[in-house]
Amino acid sequence: MEYAIDVGKVLFWFSSIMGLASILTWMERKQSAVMQDRIGANRADIFGFRILGLFHIIADSIKMFTKQDFVPAQGNRILHTVAPMIALFFALVGFAAVPFGGTYEIAGYTVSLQVLDLNVGLLFVFAMMSMGIYGFVLGGWASANNYALLGGLRASGQMISYEITMGATVIGTIMVYGTLSLQQMNIAQGELLFGWIPAWGILLQPLGCILFVTAALAETKRVPFDVPEGESEIIGYFVEYSGMRFGMFFLTDFIETVLAAVLTTTLFFGGWQVPYLYAGGFEFPWGGSFELPVVAVMLLQVGAFMAKVFTLCFIFLLIRWTLPRFRWDQLMRLGWTIMLPLSILNIVVTGVVLLIVGN
Amino acid sequence: MAIKVEEKQLTLLERLYVLEVVRGIALTTGHFFRNMAVHIARLFGLAKDKKGSTTFQYPEERRPLAPRLRTLHRLTRREDGAPRCVACMMCETVCPAHCISIVAGEHPNPLIEKYPTRFDIDLGLCVFCGYCVEACPEDAIRMDTGVLEFTSFSREGMVYDLNKLLARSETPKPNEESKVKTA
Amino acid sequence: MPTLTIDGQEVTVDAGTTVIQAAEQIGINIPRYCYHPGLSLAGRCRMCLVEIETFPNLQIACYTRAQDEMVVSTTSERVLSARQSMLEFLLSNHPLDCPVCDQSGECDLQNFYMDHGQYQSRFLENKVKKKKAFPIGPHVILDQERCILCTRCVRFTEEVSKSNELGVFNRGSRSVIDLYPTKSLDNPYSGNVIDICPVGALTEREFRFKCRVWYLASQESICTGCSRGCNISLDYNGSRRAYKAGGRRVMRIKPRYNPDINKWWICDEGRFGYGFIDTDRIETPMQRTTSDLEPSDWDPALARVAETVKAAYSEKGANGVGVIVSPQLSNEELLACRELFVEKMKLTNVAALNPWEEPGEADDFLRNADRNPNTKGVEDLGYSGDAKAVLEKAAEGEIEVLIIFRHNLADGEAGKLLEKAKFVVYVGTNWNATAERAHVVLPGATHAEKDGTFTNFEGRVQRFKQALLPIGDSRNDSQIISEMAAKLGYSLPASADEIFEAWKGISLDELSGSGSSVDPDTAVQA
Amino acid sequence: MSASFEFTPENKKRFEEILRRYPTKRAAMLPSLHLTQEQEGYISPEAEQYIADLLEVPVVDVREVVSFYTMFTRNPLGKHHIRVCESLSCWVRGSDEVKETLEKELGVESGGITEDGEYSWEVIPDCLGACELAPMLQLDGYFEGNLTREKVVELLKKQAASKTSGK
Amino acid sequence: MPIVKNISEFFGNENARSLKWRLEHGGYESARKALREMKPDEVTETVINSNLRGLGGAGFPTGRKWSFVPKGTDKPKYLAVNCDEAEPGTFKDKYIVEWDPHRLLEGIIICSYAVGIHTAYIYIRGEYVRPFERLEQAVKEAYAGGIIGEKVLGEDYKLDVFIHRGAGAYICGEETGLLESLEGKKGWPRLKPPFPALVGAFGCPTVINNVETLSHLPGIIKNGAQWFSDLGCERNGGSRLFALSGCVNKPGVYELPMGTPMKELIYEHGGGILEGRKLKAVVPGGTSSAVLTAEEAEMATLDFDCLAKLKSMAGSGAVIVLDEDVCMVKALHNIEHFFSHESCGQCTPCREGTAWVFRILTRIVEGGGTMADIATLKNLGQNMGGTSICALCEGAAMPLRSFVSKFEDEFEYYVKHKRSLVEDRKRNAVAV
């Protein structure tokens, strides 16, 4: 039964991520269309039904699977094949350490809605994210194409630069919550400040939040940080990819977006926490409570988590379709001369405040 | 002549960037929700006079063509139905894409003298610059058919010969322009 | 030697020189229609009017003789306005059918109009209709509406061809140039009227509508029609794909001015005799396998020739192989042949001339009876003996291998002898009975497709230049000979330029300007 | 049209005489063409060829000359040929009237021949050299002047009468 | 000034045509005098001193022209007598040939003797049938009478005179056109130089003189150079025939001294304007001369220099009078019709220009003209002037320029109303 629960968690989590990523591919088109006074994808139909172009997800995947799988003659066949897999794998694996719900006692079983409860969860996620870079670099290199290589190099340069900011930013959060375990952080965010304000990361670390979101967006390599791809310039590391191999890179993009949203939610928006909802039900600070069964609480909390993630994804897409691309030098300058000092400043200020408050 | 660009000095707020980003996002978000509202309203049969998009749903809906738009070529005819073209090869000469090829023949009427025995336009090469129309001294070639779709499964199919070009010799009526036309 | 000033430039000219010629000497080109240096002066187009100080009226430059201290202006306000009004008069009844006119692109009326005209037309009347586009001879079409009555053509038939087919009939604005009804412009030099017509009134029937002139590229060449060696320009399809001109590459031949040989003229035979360059060509090497000639590659074909020659050579020595070169070959090819067959292989049976060849028509102007361009070259290079003796030996079986260049030796007596030859190699450009009878056929290049020189009957060594690539798989004959030599174990230069330089000590390009003639006296003797 | 042309023996003699006047044969062109037209009434292509052979010039030159001069005609004329002068002096004195009258009386337009082949007439823009008689016409080469409508009619009548009496 | 009777002495006298009668009345006396008493150079000298000028139109001093003929050449020399008067309004030579052919022959003898000519051709226009017959008769008689031929007037001098008929081409009245025509070609004028005095008929030196010019010679030889030059005014020797035609009561040929006022010719000798109408314009020297307005005609005198001053010319002495009822547009149309018909077609401006001008005028007359046409006409008049081989083009341009500029109001009226101003006036006058 334990195993069944574990498998269930994995399946649920995996399908949620993949589902969300898939839906994002549709949303990306539809949302951008509506934003830009267009209609958006609506052509794929089954028996005349179009349902707002949702079938494009299916059409896309059919296309991806059936297209010619192409390896450049000069390219490295093995690395060319492996690269997208690496990228996709490490993007997915990071999710394992992220909790999508609390710990519940249901029918005698203790269910912790987290695939892998690590006390260094955050480090694990970052580690996995760093590993993903290899996928992109190898993809670019194995294509034996100057533009692809350039794209791969840019991707690695950009990701490494922003990972530093990201790591430095998160240190503030770790200091506040005093833990590296993501589940612990979530739990800590359930507490109330001054008795009524949920102690979410965004309130405790507002600068950290902005820096983190920015860095996370940069990590996804999407507009405005899409220099590795640079559609109008170099196409990027996947220029020589087609079929499902390209599909994997393509999906990685969206999975990373989800990951960014998930991490942001977990670190700064209370994770699965719903304000004033506790294991037994709602308990409002101004008095009064509302009893709920455990299952309902669980569903509410998982639902809240999902809603937060979804909303963040939505905002990320908004940003992606609103801002223009940075130039490579601007990107680097932003990363190294603004974000990194700011994140270090954030650590210092956090430390000082903690000292004062702690005393 | 160099153009001098006056660079606008950014204010501090603008240089802080975050606020501008927020403003930008607010704008696009505004569009998103307004359009979304219209779409939803129309889904329920409301707000028929409004449109959530400014685009045309292409094959079903077509944009009216500008009168000067250069579209598929046609060759005009004389009153007796013969092509007006006298095979002077001005169009062939001026064509930057070298897509026109004409073979001239001797016309039995010495007043016409010359006529095209072959007149091919390779639309696969054509860049639709319209020079041929400008160069024609006889008003024999025009690009006003309003036809924008001409496709073929072969390169040969993109070569339009005399008969094909003469098939649309009559002047298109203006009100037909927006109607569906396919090659 | 009067010295006069034209547009501020002083020039000293021979006595009797006209102003228009004097101006030409200092590079001032005065517009003209009726004036042609090869014809008598008519002075009727009034286009070349110039202002000369001391003359109250404008004078025509084509007729006015240069005199000392004359001060001529070809660009004064008065001159320009006179030119403009002459153009207006000329164009008043000129049909604007440039689009269908073959002349457009090289039409003086167009050119001068672009330089000096360009005003709004004031001619509101209906243009006078005259007879349009009717053939007046086997090669020429006349369009009376386009005619500006410069009478160059009439003067040509009167003075140069002396055939008097054309005349100016009626008078005043009703004047037309026409053929006398029972006549036809079929004199052997009729094509020249096309060249001298400054407008599109006289156009070429063969060239008609085949190609606009601006598509043509031109190369300097020598006519191969007879031993006169008239200088020609080979106008070929340059930038336009050949199929558009009915597959023709060479579009027309124009005479090239050479004061010593053909002046401005060329005979019709030469002018229209370019058909062989594009028709009936041998395009690939051929070998007779069992009974039929079959296409082959160069290597096997040459190898077979070399093998057979070697076998014959080893069996019968220098008598075993016979060679008949041709006066159609260039000097360089003849030199290569001499080097290989006479000097290296020491063959005894080498001949050049075809004693059965029918002579062409000759007259006292340009046409010579000898239809070969390089008979003199053959003689100069020491070839002697005629094909008959060689053929007879081949027929008797004394000669094992017979190599024939160009000649058609398959008719009549020659044909009977050739029938008996054991092994015939034919090197030529076009299919003929000899080629069909040969065992190995090697395709050579025509004069349009290679470089080289011919020696005309007066001994002038004249250069022709390559205009086209050899058709199909054919190769230029120097190369064929050199490759044949290589297979036989000798080494010969393959390019005409190298051979010429070895022969005359100068490069082909140095040959008296742009490939024109070398005077027989100054020609380097081989 | 005669299939071939030759001078009558009498004209041949005259031609020989004409030839003697000039240092070149060619110069006899105009007189011999006059002779031809006298004999034949017009100048046929055969006559052109004949003259060309006689004078040893290209036939095209003969045609050029024939077409250049207005008095030579390549088409047969009427038995009597009338030329009406239309130049300035005659015009101001009323040559238009003469034209109209002739057109009415003869029933053909200028340049035509009457149906019976009797008369042909033409209006010529060049002066006939009898302006003192304006308006005037030339009947078979002889001048008739000071014309009015009535005089033209009378002239034609007289001509017809002289013919019948001549018979 | 009164009418003089130098060459018009026997006009109208039927007897003067006969050699016998003529010999009795002073015929060939001057020729005999010249042959017997004078050296050729003396004759030339006398003619130079007489101020006799070419009366065919150009007005070149006759004696000077003779002196251009090279003396010591072994080529034959020719005299071409120009009797191809075809300019509208000209008919004076016809009178001489018709009434007094022997005077012409006498002149020919004198001229030939002076220059050393043994062959003379009289080029008579083809349309002159009766004059030709009479001239032929006179020449026949002269040959028969021993006047010309192997022994001229019994002296040891050979002179053949032949008559050459033209065939209807105005341009053959031009010197070199005449020579071409004489040689049996089209009358295309030749390029000059060389002038005919050096290279003329059949490539030999040739003198070309007008009939009237030659007819003056007997009088000059008889009475002396001084007598002749005294008759006329300065630089314009003697008398000349004026052919008066158009709207006058008594058209005809009048012999008047040079320098006679124009109005005397018109009003006194010509009997005034038809039906008492007013004078409007005068064409003073054939249609190729510029037209004179009434005012100009009033002050003009009939000599070469005065008319040249008025930018016209004395030309062939053909005075055509136009009265107030003549529409100048139609008159010019008439004139240009003539020129376009008679242009030989050699030079571009003449061939195309005359035809174009005629077509514009036709269009105006038919009511299709525009104001721009008037400007075009003026401009074409400029463009056609002085650019061709011979003077015909200039001759067509002169009336064109003068008519359009002097009577512009009539042209403008015609274009505007599509009707003639003159005819409208006449109609209104009748209506009133």
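Every chain is named by a letter (A, B, C, D and E) in the order it is written, and numbering of its residues begins at 1.
To be clear about the criterion, a residue touches a chain if its C-beta (ideal position, glycine included) is under 8 Å from a C-beta of that chain, and two chains touch if they have at least 3 such contacts.
Every value quoted in this text rests on a predicted model; they were computed, and no experiment measured them.
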Touch-connected components when chain C is not counted: A, B | D, E
Distance in touch steps, counted as few as possible, from chain B out to chain E: 2
Partner chains shared by chain B and chain D (touch criterion as defined above): C
Most widely separated chain from chain D, with each centre as the mean of CA atoms: A
Best-connected chain pair, where connection means C-beta pairs in contact: D-E
Most distant chain from chain E by Cα centroid: A
Per-chain Cα centre nearest the global Cα centre, belonging to chain: C
Length of the line joining the C-alpha centres of chain C and chain D, rounded to whole Å: 52
Separation of chain D from chain E, taking each centre as the mean of its C-alpha atoms, in whole Å: 24
Intercentroid distance (Cα basis), chain E paired with chain C, Å: 56
Inter-chain centre distance, chain A versus chain C - centres from mean C-alpha coordinates, in Å: 81
Chain E, residues touching no fewer than two other chains: 169, 186, 341-342, 344
Numbers and ranges of chain A residues touching at least 2 other chains: none
Per-residue multi-chain contacts in chain C, two or more chains: 168, 170-171
Every chain pair meeting the contact rule: A-B, B-C, C-D, C-E, D-E
Chain D contact footprint on chain E (complex, rising order): 76, 85-91, 94, 125-130, 160, 162, 164-170, 181-187, 202, 243-247, 251-253, 283, 287, 318, 320, 322-323, 326, 330-331, 334-335, 337-338, 341-342, 344
Chain D - residues contacting chain C, complex: 45, 58-61, 63-64, 67-68
Sites on chain C touched by chain E in the complex: 41-47, 49, 56-58, 63, 81-82, 85-86, 88-90, 92-93, 122-125, 128, 148-149, 168, 170-175
Touching residues (chain side chain E, partner chain C) in the complex: 169, 171, 186, 191, 340-349, 351-356, 359-360, 363, 372-373, 376, 383, 386-389
Touching residues (chain side chain B, partner chain A) in the complex: 18, 21, 24-25, 27-29, 31-32, 35-36, 39, 52-55, 57
